[in-house]
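Quick notes on the structure that follows.
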Amino acid sequence: MLKVALLGAGRIAQVHAKHIQDHPDTVLFSVSDMFPAAASALAEKYQARVLAVEEAINHPEVDVVLVATSTDTHADFSLLAARAGKAIFCEKPIDLNIERVKACVAEVKKLGVPFMIGFNRRFDPNHAHLNRALRSGEIGDLEHLQICSRDPSPLPDDYLLASGGMFRDMTIHDFDMARFQLGEEPVAVSAVAAALVSPTVKAAGDVDTAVITLQTASGKIAVINNSRRSGYGYDQRIEAHGQKGCLYVHNVPTTTLVKVTEEGGAQAQKPLHFFLERYQEAFSAQWKAFVAALKGNQPMPTSADDGLKALLLAEAAVESLKTQKVVQINLNEV
Amino acid sequence: MLKVALLGAGRIAQVHAKHIQDHPDTVLFSVSDMFPAAASALAEKYQARVLAVEEAINHPEVDVVLVATSTDTHADFSLLAARAGKAIFCEKPIDLNIERVKACVAEVKKLGVPFMIGFNRRFDPNHAHLNRALRSGEIGDLEHLQICSRDPSPLPDDYLLASGGMFRDMTIHDFDMARFQLGEEPVAVSAVAAALVSPTVKAAGDVDTAVITLQTASGKIAVINNSRRSGYGYDQRIEAHGQKGCLYVHNVPTTTLVKVTEEGGAQAQKPLHFFLERYQEAFSAQWKAFVAALKGNQPMPTSADDGLKALLLAEAAVESLKTQKVVQINLNEV
Amino acid sequence: MLKVALLGAGRIAQVHAKHIQDHPDTVLFSVSDMFPAAASALAEKYQARVLAVEEAINHPEVDVVLVATSTDTHADFSLLAARAGKAIFCEKPIDLNIERVKACVAEVKKLGVPFMIGFNRRFDPNHAHLNRALRSGEIGDLEHLQICSRDPSPLPDDYLLASGGMFRDMTIHDFDMARFQLGEEPVAVSAVAAALVSPTVKAAGDVDTAVITLQTASGKIAVINNSRRSGYGYDQRIEAHGQKGCLYVHNVPTTTLVKVTEEGGAQAQKPLHFFLERYQEAFSAQWKAFVAALKGNQPMPTSADDGLKALLLAEAAVESLKTQKVVQINLNEV
Amino acid sequence: MLKVALLGAGRIAQVHAKHIQDHPDTVLFSVSDMFPAAASALAEKYQARVLAVEEAINHPEVDVVLVATSTDTHADFSLLAARAGKAIFCEKPIDLNIERVKACVAEVKKLGVPFMIGFNRRFDPNHAHLNRALRSGEIGDLEHLQICSRDPSPLPDDYLLASGGMFRDMTIHDFDMARFQLGEEPVAVSAVAAALVSPTVKAAGDVDTAVITLQTASGKIAVINNSRRSGYGYDQRIEAHGQKGCLYVHNVPTTTLVKVTEEGGAQAQKPLHFFLERYQEAFSAQWKAFVAALKGNQPMPTSADDGLKALLLAEAAVESLKTQKVVQINLNEV
């Protein structure tokens, strides 16, 4: 039974706590949070203890440290855990500063501890099914990939202003998804964007509506389109076009109930509202994949390098938007 | 070039006139109608002449008589045309009185003139595609057939009261469709029905909502469900279940535009409104099939017997509703 | 914390064990099964004890008895539990013999213990959503209900022969669903059926393909179509037609991945394979509803009467098939 | 009755001939083609005469000249017709050389004759429906437009090599569609592309797979994705995302027949094969719109400027691909 020290007690930490406890091979050992009341509430729910962060990381019974605190602490806590020789599961991103990410990734690699970055979407049954279909050649060589990723509505202004910008905060998931589905590293990045949704975003010089185009050395093209507001729920679709046809991942409706009335033809239910609903199964599958890799001494399904590469793509997109040029990038030398 | 005498100048006659004129091998020779103004208007549009019914039927230049007058004249005009040795296309039904239908069919057969009854739905590209798929064994032996047939809204009270009842007027198309798709004659008929939509229908002792179940000798089951009012357009769907799977004919939407908003998930356009829209192509294909059979000396795709058999099924449904029993029927001896 | 004695350790009992354990207010206290090894395995998994049936039922710490043994023991074990004053959750059916069911239901009612019958489908999010939409008048008065219920493939011959016949074993779920969605008791039942799928079923004089039609006093019509074999997974759809439009519950696909290739247009994934997959959430929601009713001293969402009424409809369908007549029934006097 | 001189007798000319003849206000007066046999065959079918191009253009009875010859003659023949004072319908593009297009458009405008360019897709019922929905504000301000446009398979090598390149030949339709749906001129163009499909295209230095991104002054973004080969038919879809939701134009399937079998879930028919099938109604509606504008002395629905602007966008895309930069463009000063 692997004992897990959970750092953080917020929304995403609560999701992890449940999956840790549901898993037959892991148990929630401790919860740490800057808000003691939050830590206590979560710890009590699963009969775990409350520990200070350093105490938890260095506790001899702890096997795994799960970092689900605020973004600016991810790198430091990961490094502490790595130095303590623990296996690490770290929520994305490692950091918003690319140099800190590089330094952290380098040290984690040197220390050789298992490290997995939380790109939950790869474990969504629909996206994972697409990936298997692409890898098994169901549509031959992939030529064009299209990722639609829209939040239901803008997150709170505080969050948006501290997010590091849309590309680093939101598109980062899509950069990882593009790499995952392409099966080949992008070598060129271009971005077109605008602030059409949120006055706060606009005032801050950030964007909330964007199209980012990636191209690989063999010519494959991936397009990501993002919006901070769909109006109709979490819009998470992918289209993959290849030699022999097309594969689509559609949204998941709340239920399969469909209505036809005088007002209009067949009307399906809205897509699942946001990531907690849409990626519920993905979070569970992600934890299972982490535990399986750990127990089997296998490489982690999403590595520290994956975290770094997604951020490098975000940096390139920021630069492209500024320079109005295609930005070349070499992720193979990371 | 086959010269066609069109009897009738109403809505359905106008549809036929267009297809006669569009066909490279047929020309509209004359129009006859009890309302001279209607006949003149239609004749003028296609540069045809106006003739009295008997004159048209017996005109030596006329090759084909198309009977699209009111139901109560179908049998008489068909017989006149048959005696004049003309090929006949007759709108359904031949008559509402089963004895008159039998007598008419018998004489037409004896006279040996080509006779086709207007069951337009068989020629709808969707229903025809289903038929080819069933006959070619795409789902193995058919086991269960389900026909949904709902009008957008009740027809005018005058029409309903003169219609001969829902089974003879509306379901008759579905009885023919069931026979067409089953590929085997029904031997048993049972009906459950109610008047839930139209007070006029209820007061007249007729029904406007019904489920009719047919079974063939080999056990295949067909279910027809009817309503005089859908509220959302013409509902014309079929489901066929067999050994190896299921085939569906879905409705045809007005356009393929789909909308997703805060109010609801993906919403398609309403189905095509009524038979003139949904079966536009079917009417054209039906006329082509008639002309092809005529020129090729082939049996007609829908014969006088098909008209008779559909009416016999309607009679059986009426009896089942009255007696609350399954009614046995033998269509092979017709 | 309610302590649950689970009778049975087979497939469905294992599903219940999980949901008992997952629920914050219930715990698996004991497992009983005629096969000690099965009971031990399940008990061990959840750290429960193994007890003999009578011992479990009468154990002073036990609050709830969950009957998930073979069908022929449901009535006896339910009665033992009722006499011991326990709350009871009993898998459907109470018994295959209508007189035993009546006697059991009467005694359970007299003893006044909480009793819920396991009609899991009512708790499926899709079917439940339909029910809320119907009750809230989204399509006005319901006029026509259509339930499609097909198993992926025939169950083992042993099961089929001991099942009590398709109407009592399989259609019973659909009879309950019809009552649930109609919101009004059926007063007339007619059935058309055949053995088209399984030679075993045919030899035993049972049927595997059926259409059953129900009608309520106000004229509403419900049609159930059943097959013991779909070939493509668990086919569980409902269509409800009313004054203002139509509502459909569609199947749930394995994933939302859709493929378009040279071989064919947009192809969705197959429906979830069978009841364990499709009704996974339903089983969980069912248990939650049972516990909520128990704790809140509310009437059970599905009562012993619901079990009896569904079986009475099955009996009426059997009689209709034999007599080839519509069978009248009065469920309000049960 | 407007008399039309049709220049050209090839595939697209034949489509126009039919619609000219079907229209109550136009008649096919003459056919001209460099291949006399082709001209004769088409003329004979509709009882028109065969004339040399200049003869036809200058014939005093001719009201309209329809230019459907090879691309390199469009500008010259249009100018001849304009000088003869005829109304002109010209197939796209006016020319592949931007200077010739500018000169032609300038002279046509100066001569003041009615001139319509053949962007048939605007008249597709689905795309037109989207346009009405956008203009009427169904989803508020448009923010992101996505146009998918894929041919079923690469056209013959001869055609591809003479086409002027994918952007000028194929994407030109999508540039017009983007302008039509955006309702605002693009000010910036960027392109990413590759030759992944056709070795001929690759050897010629052209591309067959592309993503072109347009942005308007207000920030709206349009993405066009193109491929010379879908493998599954003509892929012509649009997605429009705005303040209040999303609108999609889906492909039109051959029929609405859907199949579910052991091999897979619900499978629709393939999209209509190519432009003659998908845009059949569009070509008819386009001609009606031309005639209506002509008779009503209204501005043409698609003007010579529309032809020029689409080509200017193609030129900008070519430049962006070469320079790897966003290219600024000002279509308001055309």
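Think of it as A, B, C and D in the order they're written, each chain with its own count starting at 1.
Note that in this section a contact is a pair of C-beta atoms (placed from the backbone, for glycine too) under 8 Å apart; a residue touches a chain by one contact, two chains touch by 3 or more.
Computed from a prediction, not measured in an experiment: that's the story for all the values here.
If you take subunit B and subunit D together, the chains in touch with both are A, C.
In this structure, the chain pairs A-D and A-B differ in their number of contacting C-beta pairs, and the larger number is found at A-D.
Homomeric contact subunit C/subunit D: same residue numbering on both sides for over half of the interface positions. Seen from the C-alpha centroid of subunit A, the farthest chain centroid is that of B.
Centres computed as Cα averages put subunit A at a distance of 42 Å from subunit D. Centre to centre, using the average C-alpha position, subunit A and subunit B are separated by 58 Å.
Residue positions 231-232, 244-246, 251, 254, 259-262, 266, 269 of subunit B each touch two or more of the other chains.
Of all residues in subunit D, only 125-126, 129-130, 133, 138-139, 244-252, 254-262, 266, 269 touch subunit B in the complex they form. Touching subunit B in their complex are the following residues of subunit C: 141, 143-144, 146, 150, 188, 190, 192-197, 209-211, 213, 215, 219-221, 223, 225, 227, 230-232, 235, 241, 243-246, 324-326. Touching subunit B in their complex are the following residues of subunit A: 231-233, 253-254, 259-262, 264-271.
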